[in-house]
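Look for subunit A in each of the two complexes below; its partner is subunit B in the first and subunit C in the second.
Take a look at the complex of A and B:
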């Protein structure tokens, strides 16, 4: 009786209700579409950043992050990495030696970031192995062979198989130098890495930079990069007495990316506010109109004993029903709109090429989880309930004697 | 009358001590420090919180634009050479038998891990030509009265400093201290020179310490073991193709 009255009231003026419902519906579809993109964007950004270079967590000698220099070494890397790898949520770790050096050919010299890695363990942490566009990722297993960023290779005018000289100051202060062969060229999503980075085998780097088995960085891959904060504590506990070490999450290593994530979540919320703020007035208006239409009828209802609170509730239910219908259809529509981009992705390569401190893949895959719909529908119900307050109050405060005479 | 005499004496003395212009002080002091040419042996100790090491090297300098430094110790780096001609600099690496030109982007990097940058070596003589000199007074350093000359870069000079303050002894113009300021006026580097001895034909500071103000717990100290001035060095010594030989 209660709901069916509300239901019928919605459809007594089909056109007006249809317009209101479609407004909600379109707003909802738009929001779902936007959220799909934002989610895809955020995930893309996190994945790219984490798998590009940092890993989900990093372990360094204390102070290395603030002022990186090759002397700040983890002296017992195998012990540290064993303890970290033993944690259940850790996928794997990569040991790295990092320093700034001078790369030189017969023609030219340029500064570059030297990174010594073990290719097998690095591939658990980063996607570097997928980024090699010429030569082979594994080539650095054979000694004195390096992988060069595409832009760096272009700037130095070297090709696969060419020789380069690397000069750098080691951890003991000595100047290391040697000849290396270009075994591979990589192109990542980050212009900075393509322009600055050189990867070489861990033992080559240890030799060049005189680290005597020490490393500068242990990058940790987690099964769930989102859980970096709690995993950080687990790693700190596992390291226990190693108070010379510091553990950082990717959010701390890449504060720009972390801020961007927060910013995007904020943007979604703002979007909600704007769209449904506007919708709320539309719904209010519809309800007020429909109440003016049935003043007489409401007067009759009250005269035969319907309580004002019931009139109030019924009007509110009417509004929420419209919200529900609109938001459910809108969600479905939004999902359908996003479907193509969920499956095939949105090509933003025009954008990814822009110089940026954040790495993007050229294709963004939309992402929607059930929670996004639940939250959206909940938000709509809340807004429609709120916007019915004024019309419902108006209806419930009618004086039956006056209302019944209203034509 | 006596008063007048005293006054005149004081004034004259005042004039006398400021008789040299800032330009003359800098030019003469620099010339004293470098001569027309020089051949030297030095040892350099770099101290950081993580390591300490000593390098020994021989240096040849001719005019103001040619310099060659060859490392003689430790064994691992012996033969490594740095050649400066004009504003360019090359490193010779004996291990790979190659010469590397230092690109402009690397000029502010450390030279051999020390607190001296490549730029410090290349631009060391530019204080004469690239800066305006102002004598701002005298100050006592290590018990010796010293001229204090402020050097502000000329508008079109390609230098990294905003100001260099140069101190040299009034008595013999031996430089004892140089302060390097950024363009924002912060003290960035400090070079002190002491242990002044009679070397070859002149008084010369034989112990130099370079500090980078921001990095408190490290410094580089150079000891001049031997130096000869105005010796005849053939130009071929500074040819790129000869430095590996």
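Take a look at the complex of A and C:
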């Protein structure tokens, strides 16, 4: 009866209630659309960062992250990687040697980031193998062969099969140099990587940079990249007495990306606030109007034994019902609006080219999970319930005799 | 035994800078089973007295005991509970809830009382039959005449099994035929079930059918008449 009464009260003034519910509905649809887009950007950003370069976790010699220099080596990489790989949540690891070097052709010389990898284990951690647009990812297995970023190759004016000279200082202070053949050219979502990176075989890098079996980085792929924080502790525990090593999550390795994630979540929160603010004022206003129209009737209800707390509850239920209707319809509308972008993605290629430190794919696919709807509806209902407090209090504090006299 | 005891009751209202003395010291006992009318001209204080007995308004001075319990200092929550359990209200304007049907209007206070499904249905059907509007149970107030609405209001007041029914000008908006039949019905219920009826009215027909008539003038009981 009380729900039925609340429901009928809502529809006493159809136009006013319809306007309020529509406002909630449009706001909710906007929230769902925004969340879908933000989720898409965040997931894409994380995936690109984690699967393009960092992995979910990285193990370094202590201090390497703050001051990366090739002589800061993990001297026993096989032992460390065996311990990490043995953890149940770890998918795989990739050993890397990294240093800056000078790349020269007959025409030009440019600075570049040299990365030595084992292509098999690297393919478990990153999607580099998918980014090769010319030549072969596996070509670096044969000696003195490298993969070049597309932009770097363009800047150096080299093609597949051309030779380049790489010069770099080794871990022991010696200068290393050698001639390498371009075995492949890659293009990723990151212009920085395309402009700066050269991948070579791990043994080639070890020889060029005189690491003598040591590596600078062990990148770790997790079965669940979202669990990087807890996995970090598991890796630290697994490494036990290896005090000279540091373990970092992708958020620590790429604080800019982590901040961008927080910023985007903040933007969604701000949007929430605006929409909820509008919903709260709308609902509150509707209820106050509705209560003024029903003062006499509320007095009658009190006089026949309705407790003030019941009047309060009755008014709050009306508000929550409006919030629930608006948010459920709005969620459905938001989902329909997002559907095309979930299936076909949003073309952001204009932006993907322009940005610098964060890698976005040219097409962002919206992502919505059930939790987004549940949380959105929950907050709208919560806000509508809170916005009913003032009018509900006003209704419940009416003096029956005064209210009955009110016409 | 007195079901309502009113002791030196005073009520003043502030209307801007003017203080209006609606009741200037009313003392009266009403026994269980009484059929009492407070009569008097407009402004004599009869509706104010009824409102105070029903706990709908604040007492300025004096005291009221309902069923031996002083109600002066009770909060609205407790007063609502007393009204729900002991007092049925009938108003001049019928005061039904417009979005509820006749059946639901009667059901509403029974739900507040927590009466179970079967008992509730039986009481509502009995009340509708008593006031002779069984066939209108699914109609909303706007689809009923004044007399029919007042019958629903009486059914609502009686269905809760009250000790007291407070009826404020219950016939003021009804034609004479409807008025008389409703008062006769209330008299019958009073005689059969011992429910105490307290009216405020200036309707001669109601006064004529009352067992006890208390005339109010300028906020005081001026005289009392008792009838068989």
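The rule is simple: the second predicted complex is superposed on the first by the 406 of 407 C-alpha atoms of A that agree within 3 Å, B and C clash if a C-alpha of one lies under 4 Å from a C-alpha of the other, contacts with A are read in each partner's own complex, and residues count from 1 in each chain.
Heads up, the rule we're going with is that a residue touches a chain if its C-beta (ideal position, glycine included) is under 8 Å from a C-beta of that chain, and two chains touch if they have at least 3 such contacts.
Everything numeric here is computed off the predicted structure, so don't read it as measured data.
Trainee: Is A:240 contacted by the first partner subunit B, the second partner subunit C, both or neither?
Mentor: Once the two structures are laid over each other on A, A:240 reaches no partner at all.
Trainee: Looking at the overlay, what does A:370 touch: subunit B (first), subunit C (second), both, or neither?
Mentor: The answer is neither, since A:370 touches no partner chain.
Trainee: Tell me which partner A:88 touches in the superposition: subunit B (first), subunit C (second), both or neither.
Mentor: In the superposed model, A:88 contacts neither subunit B nor subunit C.
Trainee: With the two complexes superposed on chain A, say which partner A:111 touches: subunit B (first), subunit C (second), both, or neither.
Mentor: A:111: touches subunit B, not subunit C.
Trainee: With the two structures laid over each other on chain A, which partner does A:400 touch: subunit B (first), subunit C (second), both, or neither?
Mentor: The second partner, subunit C, only.
Trainee: In the superposed arrangement, which partner chain does A:309 touch: subunit B (first), subunit C (second), both, or neither?
Mentor: A:309 sits against subunit C, while subunit B stays out of touch.
Trainee: Name the contact category of A:5: first (subunit B only), second (subunit C only), both, or neither.
Mentor: A:5 sits against subunit C, while subunit B stays out of touch.
Trainee: Taking the superposition on A as described, I'd like to know which of subunit B and subunit C A:173 touches: first, second, both or neither.
Mentor: A:173 contacts subunit B only, not subunit C.
Trainee: Applying the document's definition of touch, where does A:300 land relative to subunit B and subunit C: first, second, both, or neither?
Mentor: second
Trainee: By the touch definition above, which subunit A residues appear in both interfaces, subunit B in one complex and subunit C in the other?
Mentor: On subunit A, no residue contacts both subunit B in one structure and subunit C in the other.
Trainee: Which residues of subunit B touch subunit A in their complex?
Mentor: 46, 48, 50-53, 74, 76-77, 80, 91, 93, 95-96, 98, 100-103, 105-106, 109-110, 112-113
Trainee: Quick check: in the complex, which residue numbers of subunit C touch subunit A?
Mentor: Per the stated touch rule, the residues are 51, 54-58, 76-77, 80-81, 83-85, 87-89, 91, 95, 97-100, 104, 107-109, 111-113, 156-157, 160.
Trainee: Where on subunit A does subunit C make contact in their complex?
Mentor: 1-2, 4-5, 8-9, 12, 296-297, 300-310, 399-402, 404
Trainee: Spell out the part of subunit A that touches subunit B in their complex, as residue ranges.
Mentor: Against subunit B, the touching part of subunit A is residues 71-72, 100, 102, 104, 106, 108-111, 165, 167, 169, 171-175, 177-179.
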